[in-house]
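Presented sequentially are two complexes of subunit A, the first with subunit B as partner and the second with subunit C.
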Partner chain A sequence: MDRDQLLCNLTALDFMAVDLHLYLNTHPNDTEAITKYNQILTKADVLRKEYEKVCGPLSSFRSPSRAPWEWVDDPWPWQNSFNFKLT
Partner chain B sequence: MWIYEKKLEYPIKIKNPNPKMAKVIITQYGGPDGELAASLRYLSQKFSMVTPQARATLNDIGTEELAHLEMIGSMVKQLMANATIDQIKAAGMEAFYADHDKGVYPQSAAGVPFTAAYIQSKGDPVTDLTEDMAAEQKARSTYEWLINMADDPDVIEPLKFLREREIVHFQRFGEALRIVQDFLDSKKCHAVYLPEGCR
Partner chain C sequence: MDNQYINDNRMACNSIESPIRNVCLAHAYVPFQKLCRLFTPIESLMKGTAFPELFSPYAKREFAEPEKCPKCYRDRGGYRNG
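Coming up: the complex of A and B.
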């Protein structure tokens, strides 16, 4: 997968996680949704590692760096060139 | 504690400069029903919220609003990026330009700087959650008025995403309010809320 495809897939998975997370806060006994949430996290973890190998660190204090310090590398998310084109 | 993720919740990739749209979209950055107000409201109210589900809801929606704030800032930045002085003047953005150049500043569409007077944190969980539900509807309406004024799909799609999130948040706050009301009923203090006695 190229950078845009990785970012697109990760954005989709993380969004599912965000949405289910909010749902579970008010439905803590929905075991089916918890299973789904855990499955999404497992998939996103794999993709996150793949993305970081290609594009550099994703998370502050959670992503290791090569030298020189990769965190500062452009592009940043608010820059046009960072983002993938919606189809 | 927060962890920054070096990506947006939803992509912002705007090709064409449009300072006219930037001028109105900025209201969701620092305006009365904007994302900064939403985030600050929920992240302040969480400290006095009752029931674990409602505490989590305020904490996590407040956090998601910060991601929305970043999306709106990105939209304003990209809409202004290659705008010429003539385009900025034609859009009626001279006053903004004089104070901020192409910087992103928290203000309303009418140019009023952000103020904490937009929000409440009342210490009463029913009052706060009811305000939050209204706030989500006000933000949804604002996104609809913004979509009415937009003609570029690069702008419309993220606005539609944000509008949908307001609807989901409204739903979640409604559920949190029901949980809180059940809790207060179980404590037999629904007629008059007794802050210390009920916690």
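Coming up: the complex of A and C.
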């Protein structure tokens, strides 16, 4: 996977985690949904680690860095050029 | 002091409808969601929800039908030939 694909898949998994999280707030006993949510978190964690290993930190906090400190490298996640195109 | 905008016999008027007797209050009911199918992660991201049953985009509509709103129809380029 190239950088954009990695980021796109990770964003999609994170989005699903948010949506299932909202569902679980009103359905706390739905074990099937909890299983699904946990699976998505695991997959997202794997992708996040892979992305950060190859492309640098996604967050200014809780993301590991090589030296020199990578967070200050352009582009930052809120810049347009950082983002992928969703088609 | 006289209030020139309000007729004296209206000063005691209550603008809120008097309660209607012997009717039930409204009850709101929203059916409880059950987990069925989920979109794939990419589909979810594109559609803005992971749940197919919650996906309801606004339908694209052509401009208003002329008989219902002649002015909207004209403003949006209808009636060009007449």
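In the analysis below, the second predicted complex is superposed on the first by the 86 of 87 C-alpha atoms of A that agree within 3 Å, B and C clash if a C-alpha of one lies under 4 Å from a C-alpha of the other, contacts with A are read in each partner's own complex, and residues count from 1 in each chain.
Going forward, a residue touches a chain if its C-beta (ideal position, glycine included) is under 8 Å from a C-beta of that chain, and two chains touch if they have at least 3 such contacts.
Since the structure is predicted, the reported quantities are computational estimates derived from the model, not experimental observations.
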item	value
First (subunit B), second (subunit C), both or neither touched by A:S60	first
Touching partner for A:E32 - first (subunit B), second (subunit C), both, neither	second
Touching partner for A:D19 - first (subunit B), second (subunit C), both, neither	both
Contacts of A:K49 with subunit B and subunit C, given as first, second, both or neither	neither
Partner chain(s) touched by A:R3 [first = subunit B, second = subunit C, both, neither]	neither
Partner with the higher number of touched subunit A residues, subunit C or subunit B	B
Subunit A residues contacted in one complex by subunit B, in the other by subunit C	8, 11, 15, 19, 23, 26-27, 86
Subunit B partner contacts - residues on subunit A that touch it in the complex	7-8, 10-11, 14-15, 18-19, 21-23, 25-28, 56-62, 71, 76-78, 80, 82-86
Subunit B residues within the subunit A interface of the complex	3-14, 53, 56-57, 60-61, 64, 70, 73-74, 77-78, 81, 157, 168-169, 172, 175-176, 179
Touching residues on subunit C, where the partner in the complex is subunit A	33, 35, 38, 40-42, 44-46, 49-51
Subunit C contact footprint on subunit A (complex, rising order)	8-9, 11-13, 15-16, 19-20, 23, 26-27, 30, 32-33, 36, 40, 86
